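We call the chains A, B, C, D and E, going by the order they appear; numbering starts again at 1 in every chain.
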Amino acid sequence: MLVNCAVYENGKKVADIPKEEIHLHLGKPGRFVWVALRDPTPEELEEMRAEFDLHELAVEDALKGNQRPKIEEYGDCLFAVMHPVELEGDELIVGEIDVFVGKDYVLSVRRRTKQGFSSVRGRCEREPELLKAGPGYVLYALMDTVVDRYFPVIDRLEEELEKIEADIFEGEPERENIEALYALKRKLMTLRHSVLPLYEATSKLYGGRVPAVVAGTQEYFRDIYDHLFRINQSIDSLREMLTTAISVNLSLITVHENETMKQLAAYAALLAVPTMIAGIYGMNFEFMPELKWRFGYPLTLAVIFVADGYLLYRFKKAGWI
Amino acid sequence: MLVNCAVYENGKKVADIPKEEIHLHLGKPGRFVWVALRDPTPEELEEMRAEFDLHELAVEDALKGNQRPKIEEYGDCLFAVMHPVELEGDELIVGEIDVFVGKDYVLSVRRRTKQGFSSVRGRCEREPELLKAGPGYVLYALMDTVVDRYFPVIDRLEEELEKIEADIFEGEPERENIEALYALKRKLMTLRHSVLPLYEATSKLYGGRVPAVVAGTQEYFRDIYDHLFRINQSIDSLREMLTTAISVNLSLITVHENETMKQLAAYAALLAVPTMIAGIYGMNFEFMPELKWRFGYPLTLAVIFVADGYLLYRFKKAGWI
Amino acid sequence: MLVNCAVYENGKKVADIPKEEIHLHLGKPGRFVWVALRDPTPEELEEMRAEFDLHELAVEDALKGNQRPKIEEYGDCLFAVMHPVELEGDELIVGEIDVFVGKDYVLSVRRRTKQGFSSVRGRCEREPELLKAGPGYVLYALMDTVVDRYFPVIDRLEEELEKIEADIFEGEPERENIEALYALKRKLMTLRHSVLPLYEATSKLYGGRVPAVVAGTQEYFRDIYDHLFRINQSIDSLREMLTTAISVNLSLITVHENETMKQLAAYAALLAVPTMIAGIYGMNFEFMPELKWRFGYPLTLAVIFVADGYLLYRFKKAGWI
Amino acid sequence: MLVNCAVYENGKKVADIPKEEIHLHLGKPGRFVWVALRDPTPEELEEMRAEFDLHELAVEDALKGNQRPKIEEYGDCLFAVMHPVELEGDELIVGEIDVFVGKDYVLSVRRRTKQGFSSVRGRCEREPELLKAGPGYVLYALMDTVVDRYFPVIDRLEEELEKIEADIFEGEPERENIEALYALKRKLMTLRHSVLPLYEATSKLYGGRVPAVVAGTQEYFRDIYDHLFRINQSIDSLREMLTTAISVNLSLITVHENETMKQLAAYAALLAVPTMIAGIYGMNFEFMPELKWRFGYPLTLAVIFVADGYLLYRFKKAGWI
Amino acid sequence: MLVNCAVYENGKKVADIPKEEIHLHLGKPGRFVWVALRDPTPEELEEMRAEFDLHELAVEDALKGNQRPKIEEYGDCLFAVMHPVELEGDELIVGEIDVFVGKDYVLSVRRRTKQGFSSVRGRCEREPELLKAGPGYVLYALMDTVVDRYFPVIDRLEEELEKIEADIFEGEPERENIEALYALKRKLMTLRHSVLPLYEATSKLYGGRVPAVVAGTQEYFRDIYDHLFRINQSIDSLREMLTTAISVNLSLITVHENETMKQLAAYAALLAVPTMIAGIYGMNFEFMPELKWRFGYPLTLAVIFVADGYLLYRFKKAGWI
């Protein structure tokens, strides 16, 4: 579905144009066309391939989707695949943005993502002096938006870990904690799959030799690289803390087991002591003077209560019960 | 066994030829011979070695099989070893494809694999404008097919992991889960052995200096590299999730142990309380007024039932039983 | 908030100046301006941006804070972000220092950190022959101070680990030990986040090609690199020891569980033996000669005491109780 | 001990010579001397050092033995240390082969290894067209033999792992399994110590700049490198599977513990139920009608049997017993 | 404290000189001064700094001590820091040796180490033909001595591990084993801190461009590098085995727990069976013919003994007791 198709000149929007007129605006210095598609049909993509003379393999990737995040050069054309990640309830939804950038065009293709990029267009149009740098700046603006949207996801995952930590140390139900740790691990891996390849690819867009279309905006891409570095580091930290949390949780479960064992043993003792005493006076010896005593029975009961009371006091003091 | 032997010119098939005539077609610009062998005898391979002047060490590798996946240059000849992986029931079957690529020939040798490559031949013949690029394109088409067949294997292993996860959290028999985790690990290692070396080798086929026979098809090999990267990343993810799953499973087993212990203790209490009470009234004191009561016995039984009933209620409420 | 603004010439302080006069002192050989801000407002930063012609992206980073430690070149300007770490009670507080260094100015921006850097200014002014090297030396002095303040933090974390180790092996409450191990891990990760990126960035300030402003002070930056290497190595060691400590703690908890089990079993035996003996003499056989004996009862009690006494002795000797 | 000393010319053996005549044959184009020593005395080595003008440090290494596998250049002389590994019963025996290779000599020194290298000599002499390449080919032949002998060791270790796996999952005695896992780990580390350094060193013998003596035989050394890569990968796989096996084994032991606990609890219940029932009828109430019944006793016994029988059935069904 | 101060010419010692005369001997071709200090005062070091014109930062490092092992160039001067490790009882003592090497001087500073280096001086003086190479050879001799002293430490740690292994598998007290494993880990980390940085630094002293003072002795430094490689590999092996040993130990502790549980259960059964039987005959039914039997009591006792005897036999056979 065509979302947008406009011509820009010297950083300013000139006009929205029908897609059939794209070729009229190509090859003019200082001018470029910016086309945005959403879940395009093969025909729409083929049309664009013809208009911009895109490389067949890149178009095929954009058509099939499910590529890994990457940035590739096909001649003068830069082909970028990014995976925006959105939180939907408790789930991470991974979308896909494919961007083709040439010296006089930008083509973005969006899939499986609810958040649009009209804000990017707005931002670019409000900064004509930067947009003047051309399609490379548009790529930057798109990447910057995708990357900035990783931060709240990271924050959310960190909050989840903190919640699980609190639950673990406060003795919340163990099964739930374990499931939560595992679910968090799954989400972390998903996020990492989206971030890590992009992080590696971005390093090719600044320093040393860079593709021509981003030549004037290197420092901006270094900024994105920096953000990705930070996100990546947070992911690695989360992974390490998670592994530690799983170990620590196992230790706590074992400690808990030990505590349960002691608690059960304490209650068992409270039953076993009376049973033993009663057993003694259940013997059938003819000469057991206590049995004849007037207060033998209540005394024995008293002994039993005192013994159990004392045990109860000791167990409580030792923290077993 | 000779599967196929044909001559191609400018991307189109010219003729099937007997293998004795191969040398007649070598050294002609734009023309190349494509030979496919399956489980060849040493004599067949020796014949080919002589026809194409292959390097002795490469032929020896192809003869012995059981090489690791690799891509090597012997002078102008590129020698590629790939390990296709097939699912057969619950097992992974690792085959071997050896490909010799020169500027005017392609020789493929297939071992221990049921799936043939006639589809590759068909695909190449349907794309004469690409096949025109020569033997390098044939190598690409073969590799692409092998690599694409890794994806369903990965998908299957991911499904297996998800099934095991579900079983673990739903409390399926623990021994079975552990065995399944271990078996999955084994399969992952097998797949990784096939993918990782090929992934590393493929990086030599694009970017910077590449062997002459693949010079015109670099972007296609980058595409394969990309796929291998993605497969590799999935394998690494699976390994990491598997390790986590094993830890988490141990935690759950320990939690289960704790639960079992509580359950057993609850039942023990239900037996120990009546035993204790009965013990008391089994004492032989002469002065135990209750023993003389008309309703001493039924009352005691009632007390026992009430006590056990109350415990049962408490245990059920605490989730011990 | 402006903390300080002074002009230096040939390593000596010339005068404190109002910030409006900064531009009068720029571009004079041997002279540089040193400005220190604390929690600046956007307006203050914008003013500085204009005075020193700083790059927009760097200023934006300094404004937003929360950057990762890094050292970046924007044309002639070096932009350094450092994270000083302070101990506050049991917590690690991570601050931020942003430093802009040009050939005739140094601008430092401090956030979320209580410790100031007036000592750095004092030290620099006491070493005019070194300060003569210019803004690069000021950067060195600031970094050196930040890095030196990591050492006491490391020492403190090492002490914490030693305390936990002692607690673990002396059998202190297990839950507390586990929580302490986890909390220490958290702190280690925090410190590592501050140190590791700076360590990597510092390697760009000595050896081979370095930014112009630090050209004459390379050996000083190698010294800082060395310190960061050492800190980093200590962090890695702590991480490894911590992981080992967690494993070892789990082993000890399991050993403890075993010991508890034995202890409980011993007490159970001390109750079960009398119960069994009493049970025997509670049988109602008509012909049980012992029951008729004058000393049957005291003898039985004696047997019970002797049996329990012997068991007690054995259990104590075996260390079960 | 001198094992062999012979002169070769153009790939063919010319004569066995006494070691005193070695110098007569040096420096003749196309001719080289091949000397094999076994557990040499310092004097023998000193003699060789003088004959071939070997570097003092290399000779010292050969004298002391216990070097790590390595390949070093001392001027024109290549000095290779390899560690052949042999299976002796259940033990891995690590030997040492030191080889000095110059442009007109090969000197091999063998220590602590039972398997000789006469087969290497035989193989070389049967391939004069290859041996013509000179001492470099002899080095290849020696290395190839050492490396090929790693394969059966790897196979054996893989079989051991498979046996342990089977034992683990079939519930063989747990202590034995743990000891076997640990012993296998030890062997793996031993093998790795022999293979890994050689693998790293071999990469210097092909591709790019290589020592002069192996210049014509690069492709052969790449072949050895390949084999070492494969062995190394197998070792890494074994290590990873072993770690997994240890984890999995711990999980199984814990599961087993749980099973044992249930089994014991089941038997305890079979004893506790009769005890409880008997306790009830052991009470001394005057009015317990059942006690007067003619069939009270057998009925009670019957109840006990039925209760235990039912429990037994339930436990068996639940797999506890 | 000044330990030694001597002049060497062409590899031979010329004279011991007072430190005030050092400058008289500098700058003479073929001649160099060798000074050894031990725990020097700041004044002594300052004196040396002035004599040899050492770099301020290096001297500061030597003064403060506690540097990490490293090798740095300050102009023509090479500054090496090494950490000799000594065994003192059960402890590892880490010392420090700082060496300044110029083209006509060697200055060594020793701290916190009991073993001196007079043997190095003796060895150098016995090898004038090597010492002729100048201060670089002295540095080699010092490093060689430090590095050689790591070997017995490694051997000792390996012996410790073997002892712990034996204790683990022979069932020695578990707490002691765990503490020993942890203590060994601590020592390993200490040793690694001394070895690893030196290993990395040494690689700069051979191959490619090397500092001028060691130019003629590269092969000797490669030898040291080799030794450090071997030590490092042993440390890594020990770390890996240690981690495995900790895992394996936990498994064994859990197995032991299981065994203890069975043992306790067996003893419990031996008590519970008589209790149950006695309970039955403690019932008060009027019609229990056995109670009237002449041999009811002894028969019951016999049944109890036989039952317990049989259980004992079964438990012993199953290895529970």
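Here is the rule we use: contacts are C-beta pairs under 8 Å (C-beta built on N, C-alpha and C of every residue); 3 or more make two chains touch, one makes a residue touch a chain.
Given the structure is predicted, the values throughout are model-derived calculations rather than measurements.
The chains touching subunit A as well as subunit C do not exist; no chain touches both. Both subunit C and subunit D are touched by E. Matching the C-alpha atoms of subunit B with those of subunit C calls for a turn of 145 degrees, to the nearest 5. Distance between chain centres (mean CA atoms), subunit B to subunit D: 26 Å. Separating the centre of subunit A from that of subunit E, both taken as means of CA atoms, is a distance of 41 Å.
Among the residues of subunit C, those touching two or more other chains are numbered 247, 250, 254, 257, 261, 268, 272, 275, 279, 282-284, 288.
In ring order, beginning at subunit C and turning toward subunit E, the chains are C, E, D, B, A.
Taken together, the subunit A residues at the contact with subunit B in this complex read 55, 57, 61, 67-68, 70, 72, 74, 174-175, 178-179, 181-182, 185-186, 189, 193, 197, 243, 246-247, 249-250, 253-254, 256-257, 260-261, 264, 267-268, 271-272, 274-275, 278-279, 281-284, 288, 290-297, 300-301, 304. Of all the residues in subunit D, the ones that touch subunit B in their complex are 165, 169, 219-220, 222-223, 226, 229-230, 233, 237, 240-241, 244-245, 247-248, 250-252, 254-255, 257-258, 261-262, 265, 268-269, 272-273, 275-276, 279-280, 282-288.
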